[in-house]
Amino acid sequence: MPVVTITLIKGYADEVKTGLAERLTDAVRASIAAPLDGITVQINEVAPSGYMRGRTARKPGAPVPDAAAVVRDFLAAMEARDLNKAKNMLADDFTMIFPGTAPMRELDELIAWAKDRYAHVAKSYERFDVAPGADGVAVYCFGTLHGEWLDGRAFEGIRFIDRFTVADGKIHDQRVWNDIGETMLSEARGST
Amino acid sequence: MPVVTITLIKGYADEVKTGLAERLTDAVRASIAAPLDGITVQINEVAPSGYMRGRTARKPGAPVPDAAAVVRDFLAAMEARDLNKAKNMLADDFTMIFPGTAPMRELDELIAWAKDRYAHVAKSYERFDVAPGADGVAVYCFGTLHGEWLDGRAFEGIRFIDRFTVADGKIHDQRVWNDIGETMLSEARGST
Amino acid sequence: MPVVTITLIKGYADEVKTGLAERLTDAVRASIAAPLDGITVQINEVAPSGYMRGRTARKPGAPVPDAAAVVRDFLAAMEARDLNKAKNMLADDFTMIFPGTAPMRELDELIAWAKDRYAHVAKSYERFDVAPGADGVAVYCFGTLHGEWLDGRAFEGIRFIDRFTVADGKIHDQRVWNDIGETMLSEARGST
Amino acid sequence: MPVVTITLIKGYADEVKTGLAERLTDAVRASIAAPLDGITVQINEVAPSGYMRGRTARKPGAPVPDAAAVVRDFLAAMEARDLNKAKNMLADDFTMIFPGTAPMRELDELIAWAKDRYAHVAKSYERFDVAPGADGVAVYCFGTLHGEWLDGRAFEGIRFIDRFTVADGKIHDQRVWNDIGETMLSEARGST
Amino acid sequence: MPVVTITLIKGYADEVKTGLAERLTDAVRASIAAPLDGITVQINEVAPSGYMRGRTARKPGAPVPDAAAVVRDFLAAMEARDLNKAKNMLADDFTMIFPGTAPMRELDELIAWAKDRYAHVAKSYERFDVAPGADGVAVYCFGTLHGEWLDGRAFEGIRFIDRFTVADGKIHDQRVWNDIGETMLSEARGST
Amino acid sequence: MPVVTITLIKGYADEVKTGLAERLTDAVRASIAAPLDGITVQINEVAPSGYMRGRTARKPGAPVPDAAAVVRDFLAAMEARDLNKAKNMLADDFTMIFPGTAPMRELDELIAWAKDRYAHVAKSYERFDVAPGADGVAVYCFGTLHGEWLDGRAFEGIRFIDRFTVADGKIHDQRVWNDIGETMLSEARGST
């Protein structure tokens, strides 16, 4: 049922407007059980000279980089071991926590720590979720890990989930949970 | 900079309107780097006789129960072992996956499975995140577990994360990841 | 697709607003092949102190009596031979033309003329159409006549159409066409 | 007094917008006795990327061919006996009823029937009225017939009225009433 | 031609809304040569829960005391020599300049200075003008002075003009010009 | 807090829109004590075919020449003694009143009158104020005069104020007050 109208200064790319309209639709649906077909979003675009706040002309805010896309790029760079690219995507206050680790600040620490865990690993993604928040956007992704243990055996289907905080196009925080410990424990018990 | 105007049929409670306005604000912020103070949301309320779609008067959609509140209630009922209350909050197609388990459909299965894991457990929450989506709302919460192992030793500070799908006020899906396996493994190794 | 928003001064009855919203919907449909469910009408109501035109507060225009209802009332009064009521519904410049008559200004002329046509007559309505125009509203109704000829024979199923001009709740003009002449002619020929 | 604002996706021709604005004005005037100069219509045009309903971008509905123009074209084609053109303007379910005829589906039937009525006939139009409706637009036109009887005598000034149903630019229905029977009857009587 | 719509949080008194609508009308007229009757102002009022800026509910700004009324009250208090009332209307940084005086800060200074000018004086107002500005509102009034000179002769018709700066309901500045000097000079010359 | 939206027919220059937005902001601030940063003005621009009032397309009103700029041009022309230019800026009903003069209608009268007052004079402006009104715009300017008396002595710092009425880009009225009389009187007394 509801009609949402938003006024922007002209000049945003179509995909920015589409993303905005989708997010506004989702925001309505998270609040009111309206039939999807009854939710209309209209974007009015005014000339720069047609907008004033506080008796002052304003510049349109820059489009926010799509947080999920930022995370996908980072994950791809990490998987390709393109550490320079990955480091450039991190905010200065970046921290990460993996299962059983203390908070780490450098990707190199992570690489070093992982060397004792597996020969190599890659992720299959089931889904990305994006949770807007007052202090940035939380991006979640989950799915399964596959790769090779240190002893050369292959593994696959191990569940994982990552949570990232993205603000201003940079990654501030990564937290990882997975079933590797559970799997190893189960193997350890099985092999007893 | 942007001004968002939404038209609703009169009659929503203040907290529904406040939640809606916050979600619309967040939707804008996830799209455009506008200064927070420049994002205005206005809710126009029209009489039921002042709204028509498809040449037909419409009833306002019911407020969507706050998905995070639904999840909090469910987690509290589970912690209090109020299984009747918890079951009432589940959709018919409910499934849950815990570390190392196959998908389960009944809370009793979960209780039975947990009996072999620990004597009791409780959660300390660091944060709830809400990700609106086209097919329902994903609610994430994470923090640490504390409780008692089967051998009577206490534990605490074990990281966990839960993901719920909520639609129409019901929980359709719960997925859990945590560091219990990692912790046990580490203990097992330490005790070797 | 289109969203129509109209601002009125508060105080119109629900049926006035409903009628207005239906007419606005029809106006859109007569212009653009939008799916019916995509046409939304919203009526914003402002306080009398919230409306000013030409630096002057305005009184809301009176609701226009539904033109089709005015015509129905007139036709019912005529059928019941309640001539006083019917006369009160006519504008000062009222004229009417029936098949084969010159323009008449008085209902009594009509009654006198009809006496030579049939003993009595009544209308069965198939449909009323309303055509808004710059100088008033044209109301059309059509269907069939039934009644009794002067010689006592019954008739039925004779097609008719009436056209009325309604402005300010008064009827200014009635024009009538029907197949009575055709029927009589056919009977005359048949009886030859 | 009222201000009507309608939001369209950009790209309609000026005459479509003008027709829409006139129809919206008429819809208001048929509802509220506002002074004509107090009725304002504003058409907001948004980019295709600035409109979303049901979380889906939409294509603007095609302009509806002006129903009165469709009817005028059809009448002109019939008068010029351009039957191919006229037939192309008819919907598959087209029917027509003339005074004293059963419903006909083919223009050829009409031509055949008319041959016994007059040598030729043409229409002088006094007015076209357009009545938007939920299931199409009714177009009325009325005026007088002139032409030549089968015996070579000229006639003129015989009242007629036509009613057409137009939907999706096609004519679905034509109904005709006129005073030809009345006129013949009157002549027959006069000649007695 | 233009339509101005302003959205306010509900609760302003009618005269505040009327004053606002008049000022908005004047602002348009000072910018565009639209016919007065074509300028419409609409005030949408939303519930307090229907307004949010910067993700925060807001309180409606207090009505600004009408600056011309503030000045009229001050002038009436001065004319009635109700100095307490008049002093309460002054801002802390108040200054005033009269013909031939240095800036004064205290009303008592003014009274003392005037004693040497005339026995008493009063103002007849021709007009008040209000000039909104970025740093407060300038109120002008002009007309003529009448009263009695120190020697007991009456005077009248001496032109004056006052300019006040009003902000937050307080008077910050008064500047006075008049023809008293001119008049005296003329008398002095005439009496030569 | 308030959001002002104004709809204009497309085509105004940026500076017209900026001036309009500033005046609308000032109109709000003169009415409601909203924080400046909370006042937003949005100018919707519709195509000429997207605006209709009274069922008639309208031409956009011409931009109103900035009244303060008109007055500044006039004052500059007068100071440069470009009387032709200055006369062209006057409305037919122009009148002016200077200290001690009767109303004058011709600039030549003024020049003649001034000849007996000073050899030459020029103005230093402290401020221009603009007061929109129902019957035109009042422009005020004040500051100090400097120049040379008839006897060759220089003068400066003599306070003045001018009030102009501007409508349709023409000056209808000038009223002048200043301290010249006061100054002369003071000199006359001092020289006694």
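Note that the chains take the letters A, B, C, D, E and F in the order they are written out, and that residue 1 is the start of every chain.
In this text, a residue touches a chain if its C-beta (ideal position, glycine included) is under 8 Å from a C-beta of that chain, and two chains touch if they have at least 3 such contacts.
It should be emphasised that the depicted structure is a prediction, and the values quoted were computed from it without experimental measurement.
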Starting at chain B, fewest touch steps before arriving at chain C: 1
Neighbouring chains common to chain B and chain E, by label: C, F
Rotation, 0 to 180 degrees and nearest 5, that superposes chain A on copy chain D via CA atoms: 120
Equivalent interface to B-C, taken from E-F, A-C or B-E so that over half of the residue contact pairs match: B-E
Result of counting contacting C-beta pairs for D-E and A-B, higher pair: A-B
Rounded Å distance, chain A centre to chain F centre (Cα mean): 59
Gap in Å, rounded to a whole number, between the CA centres of chain F and chain B: 63
Where chain C and chain D are represented by their mean Cα positions, the distance between them in whole Å: 18
For chain A, residues contacting two or more additional chains: 3, 5, 7, 26, 37-38, 40, 42, 44, 51, 53, 55, 134
Topology of the chain contact graph, where touching chains are joined (line, ring, star, complete, other): other
In contact (per the touch rule at the top): chain pairs: A-B, A-C, A-D, A-F, B-C, B-E, B-F, C-D, C-E, D-E, D-F, E-F
Sites on chain A touched by chain C in the complex: 3, 37-38, 40, 42
Interfacial residue positions of chain F with respect to chain A in the complex: 5, 14, 17-18, 21-22, 25-26, 36-45
List of chain F residues in touch with chain D within their complex: 7, 44, 46-47, 49-55, 57
Chain D-touching residues of chain C, taken from the complex the two chains share: 1-9, 12, 16, 19-20, 23-24, 26-35, 38, 51, 53, 58, 60-64, 67, 97, 99-100, 129-134, 137-138, 140, 142, 159-161, 163, 168, 175, 177-186, 188
